[in-house]
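In the two complexes below, chain A is the common chain; its partner is chain B in one and chain C in the other.
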Partner chain A sequence: MIGLISALTIGLLLLVVLVVFALGQGSTARGNHSISEFPGDPRHSGELEVCPPELVARIFSREDWALILQTHSPCLERLFLQERKRIALLWVRQTSRDIRQVMRSHTEAAKRAADIHFRTELSLFLMYIELLLMCETLLLLITTVGPPRLERIASYVHELARQISYAHEAFARSSAGAATEIPTSP
Partner chain B sequence: MNTRNSHETYAGFELVPVRDVYEDLLRRTLSKISSDLARLIFIASTRDYNTGTYHHEGLASRFSPEKASEALELAHTEIFKQLAAYSLAALVEEIEIYACASRESAATIVRTWQILEPYRVAVPLQLNPTIGHVFVSNIRLALAILRHRQNPEVVDPSAASRLQLPGQ
Partner chain C sequence: MLDEFIRWGGVPTEILLLVRGLQTKLASRYPAFYLYIFFVLSQSFLRLYVYQWKRSFYRYTYWSTEFVSILVGCGVVYEIFRVGLRAYPGASRMARNSLLLLFLLALVVALANAANDPRWWAEASITEIQRTLRMVQALSLFALVLLFLHYSITFGRNLRGILFGYGLFVAGSVIWLTFAYSGSGRFRNFWFYLYPMSYDISLLVWIVHLWEYRPNPQTKESAKFERQYEIIAAATKRRLQEARSYLDKAIDR
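Moving on, here comes the complex of A and B:
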């Protein structure tokens, strides 16, 4: 009985990983089509610039939606939802793409690192899986429900992305520090 | 604060941190401009579209052309990020203040901006593209709100393609 439960748990975990991987591939493919109009992307030089939280709040803002509703103009309402959906989808795809890039760098750094904390790595990986799932959910919700109702979930996704990014930066810094401490042979 | 005697000089210019140049720009020039949107447009207008570098005679003569350019770039990015996070209500107000300070009527400015979208050139070069998209989208929405307020009977206040340029 215990064997069966263990097998089921492992199977379920593998399924989740497979689903996330498949979803991730889909996002990457979609994301690559949205070429930016603004070429000066500092992240092209390897530096990750996370969107400020107030900007994420603005994209999903209820306050702006309330202002539009006050105009009683169906055209303005349509324009607002169209614009905010476009921007929100762009942000989610960019976040998902950026965090995949961060995790790729992290995997590379972890391969070279001498000292790895299994629990920390596992919790980082679980956060990553959660973030990818949340991004896919958010993409679905943006197109169905609309951005003005998703401010909380968006700020949660932003916070998760920020935490993963910071965890990787801390790991990279400590690895670099450890590397400089290794004595070089004469 | 007197920084004149506390810094070394190189080729006749003081070696001061960019932050100091930026503070000088804020104090002497930007503080005299009436709104954040007008400040953004002013800073963006100091940028050479061919090279992406910024030029400001007064600042360059006080510090150095390179420091002036760096400070202007910093100011540009900071003010742009602030404006991108503005609420639509605040952005509408910014456009109104900008229109009041100019010699043209608000209706003319709104119509022209909807057609030409000149605010697109105000996007800094080194920036997370999402911030640029948010700014452009929000200005577009703010203009549509203003146009609706100016003329509530307009069926589609965002329709720029059907509008005519002023004077046509």
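Moving on, here comes the complex of A and C:
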């Protein structure tokens, strides 16, 4: 009834996630403390250290590229592309790292929140996966195509990141609201 | 000789595990798990008795006890979920909903397949039904472990051992039953040895991890967190608002 391949896949996938889980738990036990142990640490607080928007706009802008093309200097073109690629890759890696950090921070808070919403969490998770995939795609495209041709995709990643921030903010607001409603003993 | 050793080598380990469980009072902390071990131990003796004295019933006894052991094993999965997520109501709710969704999905798939092939229920072999049940168990464990990974749930040594050992056994069972159901003679012989061996490996994992009581770390962390949660939430909110203003400017350029 159920395909043999799917049965084998499920068995093997379970083995893989178990090994990943065991390795992760092992490293935690060896001293990589969880986020909750250092709540004041800015590295764990979900801070989104994005580049200034002016810089992001320039990285993927075609204007500079058009200007360089007008010089008809292959050496300058090569140098420009190399430099832009380096900065663009750095930006994408930083964005990806920051998104992970925001999500890590979110899950740390969400896992203890009794009023968690399944659909919101699911949509956040899907959005998070989509963002990470976009970042990976961007990395690949920047390496192969170059930054000046990727303006639209970069904007899309920004839009998704903004949506995640909105959703997380709404969640944090509702959690904080619920927390203030709890009466505290004098 | 090797065959007998693999098949019966688990019995002393199970007895040792139960004795240690009672000595360290782990049996009262993880009752479903120790009930499972007790059941597996009892079924070994029952099967031996039937094999020796009422051999005609052996096949029936073997498969009946296998089914009951799967059901008791579901209790182990539930215990992993219950104890592991006790301190995390949010993650616990997510796990409950995810598992519910998964069971509904499995039910829909099973019904759809049965509708396409109505003879399946009548013709399905015991191995096939058992494999399907083990697959549902494997899927539940898979979803749970993914959730533990996503929410960075930290387990104590004892619970980690129960999860890892039982997960290994279930994954091994799914793979074994797939080969037993479809494989050729050579594969069947190979898996015939490997299946009980996978259980012996799980027993070793359990013995190592459940030798003494180790508390789950999240109990302490959760108390610490509750005192600082509002500070963290406020800080996260402020920083995200700062980040959002940057991103808004980037998009609206």
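Note that in this section the second predicted complex is superposed on the first by the 130 of 186 C-alpha atoms of A that agree within 3 Å, B and C clash if a C-alpha of one lies under 4 Å from a C-alpha of the other, contacts with A are read in each partner's own complex, and residues count from 1 in each chain.
Quick note on the criterion: a contact is a pair of C-beta atoms (placed from the backbone, for glycine too) under 8 Å apart; a residue touches a chain by one contact, two chains touch by 3 or more.
As the structure is a computational prediction, the values presented were derived from the model and not from experiment.
**Q** With both complexes superposed on chain A, which partner does A:Thr137 reach: first (chain B), second (chain C), both or neither?
**A** Neither: A:Thr137 stays clear of chain B and chain C.
**Q** Does the superposition put A:Cys75 against chain B (first), chain C (second), both, or neither?
**A** The answer is first: A:Cys75 touches chain B but not chain C.
**Q** A:Arg104 contacts which: chain B (first), chain C (second), both, neither?
**A** After superposition on chain A, A:Arg104 lies in contact with chain C alone.
**Q** Report for A:Leu90: first if it touches chain B alone, second if chain C alone, otherwise both or neither.
**A** first
**Q** Which one hits more chain A residues, chain B or chain C?
**A** The partner with more contacted residues on chain A is C.
**Q** If I apply the document's touch criterion, which positions on chain A are contacted by chain B in one structure and by chain C in the other?
**A** The answer is residues 36-37, 39-40, 49-52, 54, 57 of chain A.
**Q** Provide the residue numbers of chain B that touch chain A in the complex, in ascending order.
**A** Where chain B meets chain A, its residues are 81, 84-89, 123-134, 137-138, 140-141, 144-145, 148-149, 152, 155-158.
**Q** Taking the touch rule as given, give the residues of chain A at its contact with chain C in the complex, in rising order.
**A** 1-2, 4, 7-8, 10-15, 17-18, 20-22, 24-25, 28-29, 34-37, 39-40, 45-54, 56-57, 98, 102, 104-114, 116, 118, 121, 125, 155, 158-159, 161-162, 165-166, 168-169, 172-173, 175-176, 179-180
**Q** Quick check on the complex: what are the chain C residues that touch chain A?
**A** Residues of chain C touching chain A: 87-91, 93-94, 97, 109-110, 113-114, 117, 120, 124, 128, 131-132, 135, 138-139, 141-142, 145-146, 148-155, 157, 160, 163-164, 167-168, 170-172, 174-175, 177-178, 181-182, 221-222, 224-226, 228-237, 239-244, 246-251, 253.
**Q** Can you list the chain A residues touching chain B in their complex?
**A** Those in contact with chain B are residues 36-43, 49-52, 54-55, 57-59, 61, 63-64, 67-68, 71, 73, 75-76, 79-80, 83-84, 86-87, 90-91, 94.
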